[in-house]
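These notes are about the structure you will find just below.
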């Protein structure tokens, strides 16, 4: 069934939104394959976003782990993360659908920033909903978005984090869907969003495949990506799903610890349920009330896992894992010292997993880590962790 | 004469340093052309730095100016500016020369950061000298450098800015040159530095030439770059020097105003002299004491202009210009709103010049702006300018 | 069955129907009981009892806050169902529709959920985030328990889609007045009235119009233009929300507001022939 | 001419030479005069008068601070030259070497600079950032005015390069003791002594060893190992720098330090045969 990944996915929204979701699905299917769209999208990916991003052989991390580690450098995309791949695609689509405004939500600010950039390039008004707590934690990205001319609207419902921002954006969309596109930031939400986002992000995996074949003449033994909604992971994994020799790891936020309410490890602590329009793996209490997730990485601080990732983990094609906050900070430092690169806290989950799970990897194996973003936004948190504790 | 650009350049240093400068010149001439070096350098440029950087057609800036504006996207180089091109090259060279340590100075922090990155990748110790005033103004880059494991040494001599940091680094080098390479950050200093830096940065212009021919089938009418030492400008200009139809503009920091001590416009306010080992255009008083420069852009806050830029401006091949601080901040905002890109304050000088000098450009002309870096490091200064004044 | 019967009776009596919507447990269970008694006594014809949810995406600020308050008091879904049982035992026999977001239902288990609802004495179910395409399983379970699964149509719903919804609808059709979420609003817009006629032309099922109904005038206008009645929710919650320290003190105002609403529903039906 | 003559006289008298180096105007012109008088009276054989520069890259922290202080007092290059004239008029007739960074000289105009220096009564020039390759113009102008342009050699200078320097040298050869900048240091390292012999083997020109000479023992050792004398700068500035409020009060300590240095230079020469 369209919009389903196994039992996951679907379109669980108010009747008010059905119309625009159908319109979007139709438009995507009609417009996306056209040569004009492909040409414009790929031209912007190349000249504006900076694609293809390099695949970098991390010599010193490799020496340290006894593996052969490559980093897929999404941190080099304009704005500093993979988010722009999707935002450019959706903004172009929205423009062709005749929308004049984009709304979206953001947590780390990376997606909001990418939406603001894409909106400006394409020529659309932009409003971004952001939990008040996240606005504090990611103050510099708030500044960036405002400087780009985007309206940043604080979300005070719930606990003022990503989950609440998504809810408020859906509410706003219900009011304005005729003129406004909801630029969904990860592979979540009602159909057709997970498919649209995955499609736009697949450019990561397609490049990765070409590049690793060029450098190594073979496919990797494993690909490791962090995620919550899972857009960077799905983007990296998609072109390898049928290569059963390529192991795929999806690393979520372990938070402080797995007990009580100190984690965002939905594959450990959650179960299937419906949130924000889709059936997916969710952290929830015994009654089905959504539990707030907790991790220092704002971009992983979401209690749901996108439907496709939920499905792939259920079938065993993808192996879920997690990293605790302290492992993540250490991984940032290791990466900075070995490779001169400061990863985003989100990204550092994937690195931490590889550093701390030698049992998962044989000596000399070829491992690609999707380096989803740079850590500039997290600099203060990182410095506080190392120099003030 | 080797090391000279017209009357500019030379090697005005203490006898103590002559030996290492000769060693460096010899090593550069011997090692640089070898296939092994070229291969390693270009491989790192591609997979680590993220080259080639795109040439981006800035549609909305073009509409606004009536020109056809392309941006050469050096902001997409790892670390956020063109500085890494040179740092990778010199770090590789230093390694092959058997040095085990890199020292350098930095102002905006962009060069220091790139040196720290390059040092880590290549496996060299890194120490960075930075004026105390610049350390305050560019606090986030100080954090980045420290996180990368580099030693950041505050410079308190003089007025605690770039000029003083260069002096202190030269002093340190005099003490340690046998084991240590001074990774000069711009196209300044005693021979062979200007030539080495220009050579490593020429990758900008070489790519630019290929790209503009691909997109437009012809060379640009003008290339505009900001600068103080001039490394990004020389890098962009070099491959076009003999194309007399391509006008070249070099934009320096106008500061607050041209009078008193509020500027860094050395081509307006300076004259030839010797500083930091080379004869070049310098801001100095009637006695030949070096004048402190002043501009809000730390990376342009240097009273000297590299010998080659000094020469090219003297012969008229390059036209010097300047932009005032207030024009620069406005240019940041215009670029952010039109193109979703936040330029570094340095870079914004070049943009401001194009925006504010319609008399220099005919309608529809093809103008390439070298987008030397991103403005993340300047975010606080920018926000303060717009929202707190 | 009880729902449609009741609404047809009202139609025959030429009365517009009034269905107040309350989130159970906001701000306390005791208040909810008093509120329901008040509503029943002052003109409510049916009752919509909401199960508080952590992420009520179809609700506006008033009801979102109501959910947060109830949840922070520890209200659980089974308490809401138990409350219906208690209302029945107290003799309140209005048709009751339970509103729950789908994750609550899914988590409960759709079959068991319907069984428990029936046992408690409920008559229908509204799931605000369950469009007709996703409803098959619940619809079947509801039918098995004689419960009406209430579907919604919105100003954005196309004609062909209205037909699709109507093929599954029972009890009544919930006409969403606005493009948006629940919450008080200023005027009834023309598109709402057009939507009512568009649905009216296609079905003889009762139509209740909800979302944004915040005054007697709204109610009158909607019924006069073809709705069989109105759903009023946030406008009631708004009244007691203003005095959360002592919500009981607002019951008098709620009583008179609801009486006015009911009177307007009756009046609207009278005006209908004139239009 | 006067420089070499003086140094050869000292050599014949079997005395090591002492050349103190002061930055003129630090912390005030008056102090500089008193300082020079003190130096002349306590054993200095030659004088090195520095022209403060904004960016003295061959100098360490002590002299960098000295330059900053002098410049902040408004000291200008022509004041330094005028000061030499005044010293001469006061009867101080030690050979005087003027040290100026090249931008000062370049800005002044090399020809005019040499003319003015000669007129003031100076005998030589040191330009710390002017290696032999860049010196042609100044060398010619200096020769025209009977001024010695003093060149330096350093531990990093190769044999062939020493020869190159020696071909242009006059007055004396300045042997830079250390890899680094000016400023007091702990020990004289073996490479310094080796450098002295390396140069010694190649020239009969006098050699003065400078950079880091901070004690009588240093001076003795350098002279004993073949230097014709020593240059002492930062070690003197360090003394008065510690009491900038009243630098005059340090003159007594400077006097005895300089006397010791001179005695050590003499002693060093005596020890020479033993080595």
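To keep things simple, chains are lettered A, B, C and D as they appear, and every chain counts its residues starting from 1.
By our rule, a contact is a pair of C-beta atoms (placed from the backbone, for glycine too) under 8 Å apart; a residue touches a chain by one contact, two chains touch by 3 or more.
Since this is a predicted model, take the numbers as computed values, not measurements.
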Labels of chains that are neighbours to chain A and to chain B: none
Fewest hops from chain A to chain D - one hop per pair of touching chains: 2
Cα-centroid distance, chain B relative to chain C, in whole angstrom: 67
Between chain D and chain B, distance of the C-alpha-averaged centres to the nearest whole Å: 38
For chain C paired with chain D, centre-to-centre distance based on mean C-alpha positions, whole Å: 98
Chain-level touch network, classified as line, ring, star, complete or other: line
Chains that touch, pairwise: A-B, A-C, B-D
Touching residues on chain A, where the partner in the complex is chain B: 46-48, 50, 53-57, 59-60, 73, 75-76, 78, 116-121, 123, 140, 143-144, 146-149, 332-333, 336-342, 376, 379-380, 382-383, 386
Chain D-touching residues of chain B, taken from the complex the two chains share: 10-20, 157-158, 163-164, 167, 170-171, 174-178, 273-277, 279, 282, 284, 287-290
Contact footprint of chain B on chain D as seen in their complex: 53-61, 64-65, 68, 71, 76-78, 101-104, 106-108, 128-131, 133-134, 151-158, 161, 165, 176, 178-181
